[in-house]
Every structure is written in C-alpha cells, then in structure tokens.
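In what comes next, chain A is part of two complexes: it sits with chain B in the first one and with chain C in the second one.
And then the complex of A and B:
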C-alpha cells in the first residue's frame, strides 16, 4: 500500500487484507462520503416537483433491479430475458398480502420493511427455481428458458382472478415514526428509502465480489469447467447467481409496488425485461458503477426522446406517428451503438476519466 | 427642468400608447386542464382521433369565447403511449400545474390512479368505459354507457329480436384481458338475474390470422349470436373469415348462421375500412352519434373537423366524437360553475358536475350526471352496417344492468 493514504498512485498492496479495502485512498472515501451527503441532502435545500421525484425514484428502483441483472449477466455470464418477471414476483408478493389481508392492514402499512425483504426472498426462491435449467443450458438456450419464465409469469398473472387478472391491486399508504406518509411527502419519503437500499445493496455487491462467492461467479463466467477443476461448484454458483438476481429484482418489485401504491401487470412485461437488459449493457456489464450509469442513461434518454418527439409531432402534424418510430428507434440505436463502439458501456468512460484524473497534472 | 418633465410625460404617453395596442381587449382567465392518452403506440388508432376531437373542441371554445369574458381553457395533451407509469408521471406533472379536471384514457391507467383521484379530489373524465372505474369512486365521470352496459344491452337486444321459442345460443368473443372479461362477467350476472340467453362458449382471441376452426366449432355447437368485446382488428379478421366460409347471417338471427354484434371499440368506420363488405349486417352498440346518420348533430361534428383541417378519416371517426364529448363535459362544467357565480376550483367544479345536464352534438343522448349517477349518456344507439356505413336501427337502454349494479 502506498505510504500516502490520500494520494495512492499505484498498487502497492503488501497483504490480501489491504486489497480487500472498499476504498483504497482517503480521497476516494471522502469523495464518496461527500457524494452521499449530496444525494441525501439536496432535497432538503431544493424543492423539486413530484413529477421529477417520481422519475428519480424510478431510476433508483431500476438501479436495484439492474444490480441483480448485472450480477447474473455481467459477473456470472448467465443471460436472462425474464428479469421484469422477477421484479413482478416481488411486486406481486406485496400485492398478494394486500389481496389477502387488505390494502390498509397494519402488515402492509407498518411492517413494509419486512414485506420488502419477503419480496426479495420470494424473488430469490423463484430465481433459484428458474436458474435450475442453467445447470444444463447455456447461452441462447438459457435465454429461451428465461424468456419462457417471462411468458409463464405474464400468462399466470393475466388469468388468475386472485391477481385481479393483471389489473391494479392497491397497496395502502405506509407509516413512518411520524405517522402516515401522506401524498405530499410520498415521493420524497420513498426517495430516501430507495436511496438507502441502493447504498446498502451497492456495498453488499461490492463486498460480495471480494468474497470467494463473488470470485466464483466471475470464475464460472470465464470458464465453468476450469472453475470446476479448481474445486468450485459451477452448478450451485449458477443457481445462486439466479437467486441473487431474483432477490434484487424482488426488492425492486416491492419498492415499485409501494411507490406506485398498486401493482398492475403492465409494468412487468417482456418490454420491461428488454429495458433492464439495455440498462445493464449501456451501463457496462460486469462493472459496479455501470449498475448506476445504465438506468440513469436509459431513463433520461426515454424522457428526452419523449419531449423531442412531442416537439417534432407539434411541428410535423402530417406525420403523427413520428413519436412511435422515434422512441424504439432511439432506444435500439443506443444499444447497437454501444455494442459496436463501447461494449464496455458508460462504465468504461468513467474508468478513463478516473485514470486521467489520477495522472493529472503531473502524477505518475 | 421643464423640458425634462415634458420628455418624461411624452415617454409615458408613448408607452401607454404601445400598451394600449399590444394588450388584448379583455384579458380573461385561463383554466388549466390536463389530458393524457395514447396518441401513438398501442390503441393509438382510437387515441389519435380522440386527441384531435378534444383539441379541436378546446380550440373552438377559445376562438369563439364560448366561456365568455375572454376566459380560455389551456389543456395540454400528452402522449403516454399506453403506459401506466407514464400516465402517472403526467398526472403528477398536471397536478403541479394546478389543473382543474383530468382527462384520462386507458382502463389500466385509470385503475392505477383511482386512489390518487380520490385523494386529490380531482374530477376525471376517462376515455375508458370500464365499469370498474366508477365502482367505489366519486370523482370519475364516465362520459357514456359502460362496456358492460353495451354487452348486457346487446344480449337484451338479442333476446328481444330473437325469432323462435328457444333460448338464444350466444358466444362471447373477447379481448384476453380484464378489459374483455369484465363485461362478460356482468352479462353472466344479468343471466343470473333472469336474462334468457345461454352462453355456449367464450373465445379469448389471440393474434390469430385465421378463425376458420373457431367459427366452425361455434356453428357445430349451435351458436347463433356472437357478441364481441374487444378492439376492431380481431373482429375484422373474424368477420372476413365468416364471409369467406359463408357462415355470416344475411338477416338478424338467421337460422344456421352467425349474427355478429359488438360493443363500443369493436365497430365504427375503422371496422368497415378493415373488413369491407364482410362488415355488412354487423350490429354495433354505441352511445355516440355517427356522421353517417347525416343529421344536424353530424353536420356540426363535420363542421368542427373541417374548421381545423381534419381529414375524412378523423372527422368520421366515433373516437373523434368521443374526444369532443370529453372536452365538452369539461367545458360545460367550467361554464356552469362560472354561471353559478362560484369560484372556479376543483371543489366547485366537482359540485357542478354532479348536476351537469346538457345536450351534445357528439352523443346519442343527453349528458346527465347526479350525485349518485356517474354515467353521462345512458342511452345507446344500436347500429347495423349497411352499404358500407353504420345506420341507426334504434335507441336502446339496458334494463338488466341496473339489476347487476344493484347486486354489487
């Protein structure tokens, strides 16, 4: 380890323990702490409309979901096209409670942290179950298996009267120490809760990747037979990768249910799964900070294209379906361009910026 | 000193002169509304003309000083592309802008926001006529008869017109979703209340391009009537196949053949454009006045469309009429609130809407609401496709739907 704990200029680890550090320098830790303070503090200074709070909350939920997908796809190398279904499992876990005990039951309104964890566990159980084919299947075949799960999920929800045949199942307003969280504080409250969960899970993923379980994921991705020869259990690793992804997705689903105060089938379709996949790719597969960049980029792109197509539609009244074409076109184009020119995603740009800043102005 | 004062005075006069010519003669108030619907994406075939209808009516209101005193309506129309999450975002944006009435669209979006409507206490005029939107809801004002009313009404019409002493054998052809299943459930409840039909089969269509097997199966089961509650495209496919197989009834209830009937979103000029001559004889229940009726009401609709340069497709669409009616309900609510000398806010508009009563050129009957009644136009017109257009047979009001509602 470098003597100067503020400005490390290379890897001078003298023990494995040093390499296990979350922050290599004090500067890293300070910058991260300032960033966190900023994230938690800005709503106290600036007043922002519900519309934008809803967008921010949505981005944070997508980050939670993409964390799981990135673990599965980026770190374990297992493709999943049914991630929205796992998110749906989490959401419908909360909805099931609502159906059985009522939307305003104390378990829904007061014990919501427990329900969020339950939703995650349910997602993990389904994830592990869907991951079983991964023991035998790889690549495209595994993709088809997960796609089947997505289809089964959609069919199941749409035909089960218990799930209201896909129509909205309502979830009551939650309570905090100060009482019921009313409409005026709803989005801000969930901003803090989801941000807190993102930070906890983010650290969880970072630490996981430093453990033998995390290294197993990467080893199985790179070569499962070699991993097997090294004494790892590739089958178990694949199943727990799916379970982990399911857990993150389940938590995201429960947060979605509480944020929207209801669960409807339309939010968990194949289209949403493709959206999560796009976020993971654009952000940067197999990177930790890509988990954050992807959802931010895709969600903002979505809103910008929406505004642009409305602007275009306003002037090109003879082409009313221009917006229909613009949105999927821009969405597809971004993914294709990233795959062609920056397969490592936005995370790579971040890496370049960081490398540059380490050398600037004259460091070596 | 004196010249300086003169200079200032002259400058003041010039400024006043400029202001006198630049300011409008009477700057009235502007009332904010908000509309979110699918102008593009799924169901935009209905949403697009709907948006045009609402837009044209609001333009007309503002240009003709319909509200009086130079008051205007500002109603931004946003394209949610049939996504509930986007509808929710737009709704929050509209609330931030302080809208008085929300003009919404899809069944799913309305159901997702139902609790919000009640909490915010904002009057809502939806484009979806799903019965569930007005159950346990105070602020949703349905413009016309619900889908359930259409389906139960058509079943009653079948009973009324069926020749013979046997019970009419009916099949339902529905959308594979709660939108399609809801009216079927209400028809089953009507049967439990004494409506004399037998539902022999329920077909939840997929995206089939050929219905031969299904139509032959229905015939083999002795089905005589097929009531459709879905969108136009699958109905057009079915009607085309029925024509090809020669199983379409030449007259209502012809023995050994199939008579097709359908609710609001299954018919209209778009269905004729899709299915052509196969549409002939199709019975359609709808609460809007059609331009093919060539009456005074239709003339007004066409005039409005012409005024704003709409093409024939939009001008003749019943969805264009639906958009006009939704905008008219909002306009009349503001006008009546103003007339009553009340402050224009959500609370007073809600009160006014509960007693709103007016005639619209877009609707088949008068729009009437009351503190207990949340459906504007109760009457339905029964239309039949003949010579390439839908022609009115009679006005119809479902009797059994009241029993179904009472049983809830």
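And then the complex of A and C:
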C-alpha cells in the first residue's frame, strides 16, 4: 500500500486502515529502525562497566513496569498505589519456584522464558483479583483499596517462612544456547533480553491501543456511563485493565528476580510504588512515549541525587544517611512540581520539540 | 478474664488515638474532598516539634504541646495555600497524587533532621507506676492521653456544631455553591479545614509519642492506618471517625492478643485493619456513618 504523502505534515488520514498502520511515514520507520539498531548495536562497539549496565537494565525493567501502570492510570484512569506489590508478585512467583524445586533446577535455568510469562500471568490473576473492588469503587476508594493490597502483600511476605520472611531468596544463573551465562556477561545478556521484551511489549501496547480492547479503556476513563451506553462493559473493562497492569508488572518482577539473581522484600515496598507513580507522572500519563521518558528521567535523577548526597554528606554529619532523606524528597518534589506545572509530563515537551522541528523554519 | 479486659482497655486507648488521628483526615475530606496521604507526616512533625521544645529547649510539656499545635496549624494551612489551592478543580487523580508527593517530601525533610532515624522518648512527667483495677492495668500516660483525646474530640464537635466558623465549614461540605452564595469564602474554609486537621494531627502525635515513644516509622505509619479507620466510619463523618477508631483499636488489640502465637500467625494486628478495609470496600464502601454517594457502573 502506498503511503499517504500528507501524513508528514499533520493528521490527514483518509481511511481507518491508514490510522491503524504501525508507521505513518517512511521517515518514521527509518528513524525507528536506526534507533533500534543503535540500541542493540552499541554494546558491540563500546564497553561499559557492569555498574552502568545494571543501571540500564534497571531502567528497562522500570519501563516494563511503568507500561502497566500507565495503561492503568493514564489510559484507564484507575489509581493504583500498590504497583510495586504486583511487581513483587511476579518476582515472588519465580522465587517460589526456586524455593520448591531448588535454585538451580533445570526449569529455572533453562526454561526461564516460560517462567517469565508465568510470572506475568500470575501478576494478571492477582491484578484482576485486586481490581474487583473497581467494580463498585472509584478514585479515592480505589486508591485506598490498592494501598491496602500493598500493605497486605508486605505483611504476607514478611510473615511467611516459605518466602524466607522477606530475606533474599536466590535464583540460579540462566542458560542460553551458548551455555551458562557467566558473571561477566550477566548484565549484558539481560540488557539484550529485557530490551527485546520492551520492544515486543511496546509494540503490543501500541497496537492494543488501536484495537477495541485498548480503545474501551480510554472510553471508560473519559466517561464510563457513555461507554456503557455504547455497549461496553465498564466493570469488566476496569478489571481487565487491572489484569493487564498486573501482567506487565509480573513480567517486570520476574526480570528483576533474574537480573539480581535473588528476590528480597525491600524492592517492593510502598516507597517503590510511589517511585513507579513518579515515573508514570513525570513521563506523561496517557501517552506512549511517556512510558519511556519517565523511568529514564527518574533513574537519572536517582543517580544525580545519590552523587549529590555523597557530596552533602560531608557537611551534614549528624544525618546518618543523606541519600535516604534526599531520595524521597526529590521524588516528592518531582511529582508535585510536574502535577502543578506540567501535568502532561515530559511527553508533552517531546511533542512540542517534534512539532517545532517538523515545521522549522516556519511557525506553522 | 482479666486478660480479656486488659485487651479491651488497651484497645480503647489505641482506638481513641486512632479516632483523634482520623479526625484530621475526615476534616479535610469533608470540606474539600481531598484525601490527605501526608497526614501521618504531619502527625510525626507535631510529635517531633513537641519533643524538640520540651527536651532541647526546656519548655514545660503543656506549653510545648500547645505550641506544636499552633505550629502545625500554620504548617498545614501553608501546605493548603501553596500546593492544594492551585489544584482546585483539577481531576481528583492529580489531587491524590499531589498529597502522595507531599508525603514523600515530608518524609525526606524529616529524614534530614536528626529525628528521622532514631528512637526518642518523652521525659516522664506523670507517675510511672500504673493503675491496677481488678487485674487490669493502665498507665497514667495512657489514661491522661485518652482523657485529652476525648476532651479534644468534644471541643471539635462543639466547634462544628455551634461556632460560626464550624457552621460555615459544614455549609461548604454540604454545598459549595450554596455556601458561596451566602457569602462564605470557600478557599478560606479549605485553609481552615487543613489548619484544624494539622492541629488535631499534632495533638495525636504528642499523645502517641508519650505512650509509645517517638519513632518516625511508627508515627508516619499512623497516617496510613487511619485510612481503614475513616473508611469504616465513613469518610465524611466525625462521629464515624470516633466510633470506627475505637472499633479498629479493639479489633487490632484482639487480633494481636488472641491470634498471634496461635495457628502460627504473627503480627496480625498490623494487617487486620487492611483486611477489614478491603471487606468494607467490597460490601459497604460508604462505611458506617458515611453518606451514600458511591456510584455503581
């Protein structure tokens, strides 16, 4: 099919089929392909230390988790303050396999893609279950329901001796076609795997939002009675949105478990939930590229704050750990300032830059 | 049997503190429909200000109690003025998020002070031996705390029933446009609601600090555990907050008194409020005394 030549200058769709294409113009496709090649190719040329590789892996995992949260919060308009608990459910799915069959069992080391999907499904089941109150509740009540799920999850993990009372549960090293992934390649290997998953899931989200299953989320967010009148089932849609968010979170959790080769309780606390919220808000709720901007910005801020607090720590000697103080402070400030001054997030800046560069040197 | 009554007594002590802590949340929600997720941090701030004034500056505890209530009054008012005032009319999601962000900011600020990470306790100013009646013991601090709590709750309900400011606050919560048309300044009422919430939070913080000792984690956990309380009582009912606070305190103490150690359970007192919260949200989301306004879609 020939491309619509006018699409480079604005929204000139002439058929629904055109609107559902993945790439609108040749330029879009070229830029995207170049970007992907760059992302996959740079480790072949440059070599960076494991420390920075770990940061990149963390960003990618956060992107997977924030995809779910953004679908839930931005597209379906349902608040969740317990997203870290869903991530934790994914991670603890892997961990419970490791507890039952041993950390180096062949299922864990060889069939890890199955386990990752399994963790996602587990997250989806729990998500749907937690989403049940959404059938009757809105906004604030829903926020409190997910908050209580987070608290119950934390208590449950710390109480069960099966989960090692929240202490680290080890997960073995995985195998690839070339044999066991060793210590030196570990972070690089997971960079490629998670990047692959991010690309797959990113396309998944993008295409989902062009089908009726994605559009019904937006319809229910904008006006659930109107959506009901149009023949959608708002209750079912809300539960389904929670299940979807749970799936993404579960996948992120399983990746987290494999990346750190262990599952500890402290990565899935209320603070982490607030962190995911901050990423979703800073990136831009209800936008696709916000999913990618948010985690990058917040993790970058995180590193800066850590360095800054090391510097400040020399002067504030009475405070035992300046980083524990400055991290929540900066997160909170970022959330509040973005909500007050730029509620549409970094994605809005990106939109402005893009439209400006498209029309430059003309004004419109 | 005295074990049972002991649990009842400690449940009432804990519950009355919950009631006082929940009061601030209800006040803010009632007038401006904002759920304040930063309430626990204001409670902690009030407690630490009192501690600082009594121990570091040597002010008598009664005066520092009043002073900390005075300071948090203006603290909460300025929070409303700076952050929440701009968000009037914004979607409810962003307002909730802003209070979560505020909670995070306060967390950071308190961690920056020396109070964030250590345990402190107030100097004993009441007799340390406890009162024993028929095998049930209650310490003087707890008794005085409960009495102060009930006096304060009485004052607050008088304030809402009789005083002009209280009546205008009730008018705003009833109908904002109606209140505006009879000449009530709605933003001023919002600010006052936040300020009184801050005041009650400081009082709650001082009483908790005197009974259990000062620890930031415990204090700001109160800001989250009051949510089950206010949901049980109904988000916009002051009577509901008091009744539900005491019910929740009793449930918590009974759970940790009878369930812990049996059936291999542990720490049930901490999780019970949330389980009850989920059950209430599923079956009776407006709580015991709240107004029916949940819509089903």
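The rule is simple: the second predicted complex is superposed on the first by the 343 of 364 C-alpha atoms of A that agree within 3 Å, B and C clash if a C-alpha of one lies under 4 Å from a C-alpha of the other, contacts with A are read in each partner's own complex, and residues count from 1 in each chain.
Keep this in mind: a contact is a pair of C-beta atoms (placed from the backbone, for glycine too) under 8 Å apart; a residue touches a chain by one contact, two chains touch by 3 or more.
Computed from a predicted model, the values in this text were never measured in an experiment.
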item	value
Dominant contact partner of chain A by residue count, chain C or chain B	C
Which superposed partner A:262 touches (first chain B, second chain C, both, neither)	first
Touching partner for A:327 - first (chain B), second (chain C), both, neither	both
Contacts of A:229 with chain B and chain C, given as first, second, both or neither	neither
First, second, both or neither for A:164, with chain B first and chain C second	first
Chain B versus chain C as contact partner of A:45, first or second or both or neither	neither
Residues of chain A contacting chain B in one complex and chain C in the other	158, 320-321, 324, 327
Residues of chain A defined as touching chain B within the complex	49-51, 54-55, 58, 158, 164-168, 170, 183, 260-262, 264-267, 306, 309-310, 313, 320-321, 323-324, 327
Complex contacts: residues of chain A adjacent to chain C	73, 77, 79, 81, 132-133, 135-141, 143-145, 147-149, 151-152, 155-156, 158-159, 224-225, 228, 234-235, 270, 274, 277-278, 281, 316, 318-322, 324-336, 339-340, 343
Touching residues on chain B, where the partner in the complex is chain A	39-41, 44, 48, 78-79, 81, 83-86, 88-89, 92-93, 95-96, 107-108, 111-112, 114-116, 119-120, 132, 176-178, 181
Interfacial residue positions of chain C with respect to chain A in the complex	35, 83, 86-87, 90, 92-94, 96-98, 100-109, 111-114, 116-117, 224, 227-228, 231, 235, 265-267, 270-271, 274-275, 277-278, 281-282, 285, 294-297
